[in-house]
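Following are the structures in question.
The following pair of complexes shares a single chain, chain A, combined with chain B in the former and chain C in the latter.
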Partner chain A sequence: MNPTTNSLGTVRLPEIAAEADRSGTLNNVFAIAGVVIKEMYRRKDFYVLFVLTALITLLMGSVTFFNQENIVRYLKEICLFLIWGASLVITITTAARQIPAEREQRTLFPLLAKPVTRNQLVIGKFLGCWLASGISLLLFYLFFGAVAGAKEHEWPVLNYFQAAVLHWFMLGIVCALTMLGSVVFDAPSSTNTIMLIVSVGILLIGRHLNKVALKLEEPAQTIVYAIYFALPHLELFDVRDLIVHNWALIPWHIWAAGLAYAVVYSAIFLALACLAFRRKAIN
Partner chain B sequence: MRAYLLSVFLLVMVAFSLATTLEPWFQSWAGSRTQSDNVLQVALGDSRRMFARHFFTKADAYFHKGFYPTIYDRKEGDDDKAHIAESAHGEHDEEECAEDFLGKPKDWIDRFSRNFFASRHAHLGDADCGHDCCEKAKEGKGHDENCEHKHHEAGHHHADDGDADDDHDQPAKTGLEREILPWLRLSAEMDPQRVETYVVAAFWLRTKLGKVDEAEQFLREGLRANPGDCEIQFALGSIYYEDRKDIARARNILELSMMRWREQEARKPEPNILLLGQILNQLAKLEREEKNYPRAIQHYTLLKQVSPNKEGIQSWIDDLKTNLPPGAVTSPR
Partner chain C sequence: MTEAILKTKDLRVEYRSRELGQEMKRALKGLNLEVRRGEVYGFLGPNGAGKTTTMNVLLGFVNATAGDAWLFGVNVREPIARQRIGYLPEQTYYYKFLTAEEILRFYAKIFRIPKADVERRIDAVLKLVELEHARKRQIKTYSKGMQQRVGLAQALINDPDLLILDEPTSGLDPVGRMKVREIILRLKNEGKTVFFSSHELGEVETVCDRVAILAQGELKAEGQVAELVRLHQQPNLEQVFLKIIGYHESNDQLTRNRQAA
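So, the complex of A and B:
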């Protein structure tokens, strides 16, 4: 066994050193993530969107149609639509400003001199944004569950759990993609705009690209079909219709496969973000 | 400084003069939205019709529990008439209903994604399991002796394929058709001239939800927006005949509806023959029940001219001519 020397000059065995490095890496990543989460609850974005969602939902819930009680599905649909919109905005705007803000405020150099590696920085920022979006999503879904339960007198907790977790993992893909965007594009505003268009575009037409492709002539058909297979299918995670219309639970193995699909795409985009950031001049 | 002040004063004067000329013209301009009291009309203009159509379609999608074709799923020659409207007009086609617009999965993503959205044909209030036997049980016909689902309660809701928790104890959900109402209301708000919205909403209100007063009120609202519309009058007449059992008033409204049909539809290149058939059929039934056989025969004779079921109607006429009791005559549709 070859002894190794750490930064303090003490001699350690390689296994101990590797474990210390791993724990140091995790500490750095979680420290950066913690800062991002704190930033989210200091900023007003979430509160504004939450209050807006709650106000619109409660206002719509107070309307009666033809003196008929217990009409709830329209309310669930509106509330979930607002939650989806708000969560996308929160996630994209939070993720898009992380690295450019560090650079603009000139805090990136001291951060990287800690020592925090560039990969740790990107992964820490991603984790922070993803966890922050998860926290906001939890509050949104608690509100949704309360409103739907009050009107419907039912609590399909497992269905809501499946929907919320799928939603959160979808935000993971968006978050990783936005991190990549924030490294490639310089201004957060352009990252925000492009990522919003891309995400909404995939949500709207991702499911139908194969049908569009089949109606096209070659080589356009192959190109569009290739795009269809390469795209992260964010719409897979949009199970709002199942929740609104009280459909049965998604089989758990299918649900888990959906999460695995999200993890793979998040990892790909995060790896690309790390690669791009390592090659990027930060001064 | 003086030159600037004079320039500003001149511009103000020009603006004032233009305003005095343009304002009276604008007030009398046919395209001015200020003549409308409806806030939505002022804000959205004619685009509200598009929204109205969207909301009407949304109601139909709700009727199918979210299982609904998008513009990418429609094939050429597909009838885009809403099923809720077909049910209201008594022309619901079970074969069409059973059609699966999704077809077979085109690839693995397509197959996988069908677990994450409503991908099976269903209607509000259906037994969620999709078992035919459970549907029959819900209709009160019960399960067969050897049926594997015979322990299922009528109209129960449970997950498909046994992958999730069954919920057999849940009682049959009735009146779920109420969920389509907000979208129909919104559609009528957006486009008060869309007659179909009133007729369809009134049909579901009175037949499935027992809200006869609300149905009548909504139809009257429709009549105020579309004075003398024969379709709304027919729906109103049906309420008086079938729900209120006010025969005299029903007869008056249905006859008025037929008169309006002649005024409004007969001149059109493609008149709504189905509506005329429905009015005549309703009137004939009403007169037959009132034992006013000559009038009933008169209506059936007119109905025979427009109906594809000429032999059937002739047999009813023959039955009436021999003065058979009304109960002996099957109800024509």
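So, the complex of A and C:
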């Protein structure tokens, strides 16, 4: 056969050997993450939660009870609680549907038929969800900061920065844990429920498990202690008081250690998610 | 002989049944295939013959129980084996919240097509599949035929040397089918290799250089259409196919069908 000229024009693709390099992996991870972010801002759930939180914040910011000055603190507390709730819901629901939806809607097939590995897919999805939760968090904190600042006439920017970054890294752990859950449980609805219960459970009772263990007999004591030490302590990242009471900043090295703690836990959950997904039959 | 760019050797795939006491299901029983550069290769077989399983192995979705498969001499377990292929699934599965342009840009990024080439390439493939007018619309607003054409566009975005098409005309209207057929012939004239499965035997007869007929996970026949027709002494590929897969229609039934027709 004598091939005629390519009517579409040729494309210069990288050499096959060059594909295996690190930049190829990063390229794929960022491309997949980009699609996740696009999906978030084209869906309505984020806007609904943002508008709801913003409305409640504005409404509460506009009222004054009994001419009390420190009422602002209560309002800040309630609004931060709402932001924490909304960010958890956005992160968990976004992360939980990623891989199951790819399988269910079968978008996984044309994607994995390209030079993309399953690990790149999981990491790309995680990165996309984490960045998307970061964007929503930034909007929430900017809005909340503006309302609270206008009310108090104080602008503790560094307090906000420390609290928001710790919050974002905590969402990283939740996101990685949810990705793992979504690979194991498959159905997004069950992953959503389980992960919401687990995250809220850790936030509420995580710090008390060691005290509970002290009161138990063996072997229950060892089991509860093991859970206490194995669990990611999400409550460590809850520094809302830093903003509510305008406390002094956390020493930066401790703040950085907190971030490192989040990175380690996120990496562990992500590695487990990759491992589980590699074993999964996708046909 | 021209170089084989798709090759399988003693390919076996077995699935463990989910029900207790059930035997292992053997989807492929030692499949040997060789597709040469520049040919259009039809992959035929009744439902459940193992066509999709073969494609799943070639695309790395499923690992073979035994044997091996290569694309361009690279084992299919390596993701880089898929760098120069285009794949069109039987039904279109794309991110519905993206526009055609965005989905093509996404896949172009995955293939690391140089930025200077991306827009030119997107324009060219959208023109080929006649979707230029709808390039900025989200895929969820497309008709089935349009979605299938987006599928074809994404399969061509990296200027692939090998196209793997899983029943590319399934569910399309006659015009859509004709267009897909035209594109396959055009790619053939450009020296591309096309490996495709289809139940449309008339279409296969028109476009294929060689065909393989698979039944119960085994390769039953392979060769040029004319050669198979002569060898099996049948009037056309459809009759060859029916004979090879062991479908016997009684003469009475045939007569009744003819009368009814």
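Just so we're on the same page, the second predicted complex is superposed on the first by the 260 of 283 C-alpha atoms of A that agree within 3 Å, B and C clash if a C-alpha of one lies under 4 Å from a C-alpha of the other, contacts with A are read in each partner's own complex, and residues count from 1 in each chain.
We take it that a residue touches a chain if its C-beta (ideal position, glycine included) is under 8 Å from a C-beta of that chain, and two chains touch if they have at least 3 such contacts.
Just so it is clear, the structure is predicted and the values come from calculations on it, not from any experiment.
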| task | Please indicate which partner A:Trp247 is in contact with in the superposed arrangement: first for chain B, second for chain C, both, or neither. | result | first
| If you stack the two complexes on chain A, which partner ends up touching A:Leu259: first (chain B), second (chain C), both, or neither? | neither
| Of the partners chain B and chain C, which touch A:Leu196 in the superposed model: first, second, both, neither? | neither
| said: After the superposition on A, what does A:Thr107 contact: first (chain B), second (chain C), both or neither? | reply: second
| request: Could you look at A:Val184 and tell me whether it touches chain B, chain C, both or neither (first, second, both, neither)? | output: neither
| request: Please give the residue numbers of chain C that touch chain A in the complex, ascending. | output: 38, 52-53, 56, 59-62, 72, 74, 79-80, 82-85, 87, 89, 91, 93-98, 102, 106-107, 109-114, 117, 120-121, 124-125, 128, 151, 154, 156, 158-159, 164, 186, 188-191
| field | Complex contact set, residues of chain B against chain A | value | 62, 65-66, 70, 72-73, 106-107, 109-110, 112-113, 115-118, 128, 157-161, 163-165, 178-179, 181-183, 185, 201, 205, 209, 211, 214, 218
| field | chain A residues touching chain C - in the complex, by the definition given at the top | value | 1, 3-14, 16-17, 19-20, 24, 27-28, 31, 34-35, 38-39, 42-43, 105-117, 281-283
| query | Which positions of chain A touch chain B when the two form their complex? | reply | 63, 65-68, 70-74, 158, 166, 205, 207-208, 210-212, 214, 228-229, 233, 235-239, 241-242, 244-252, 254, 257-258
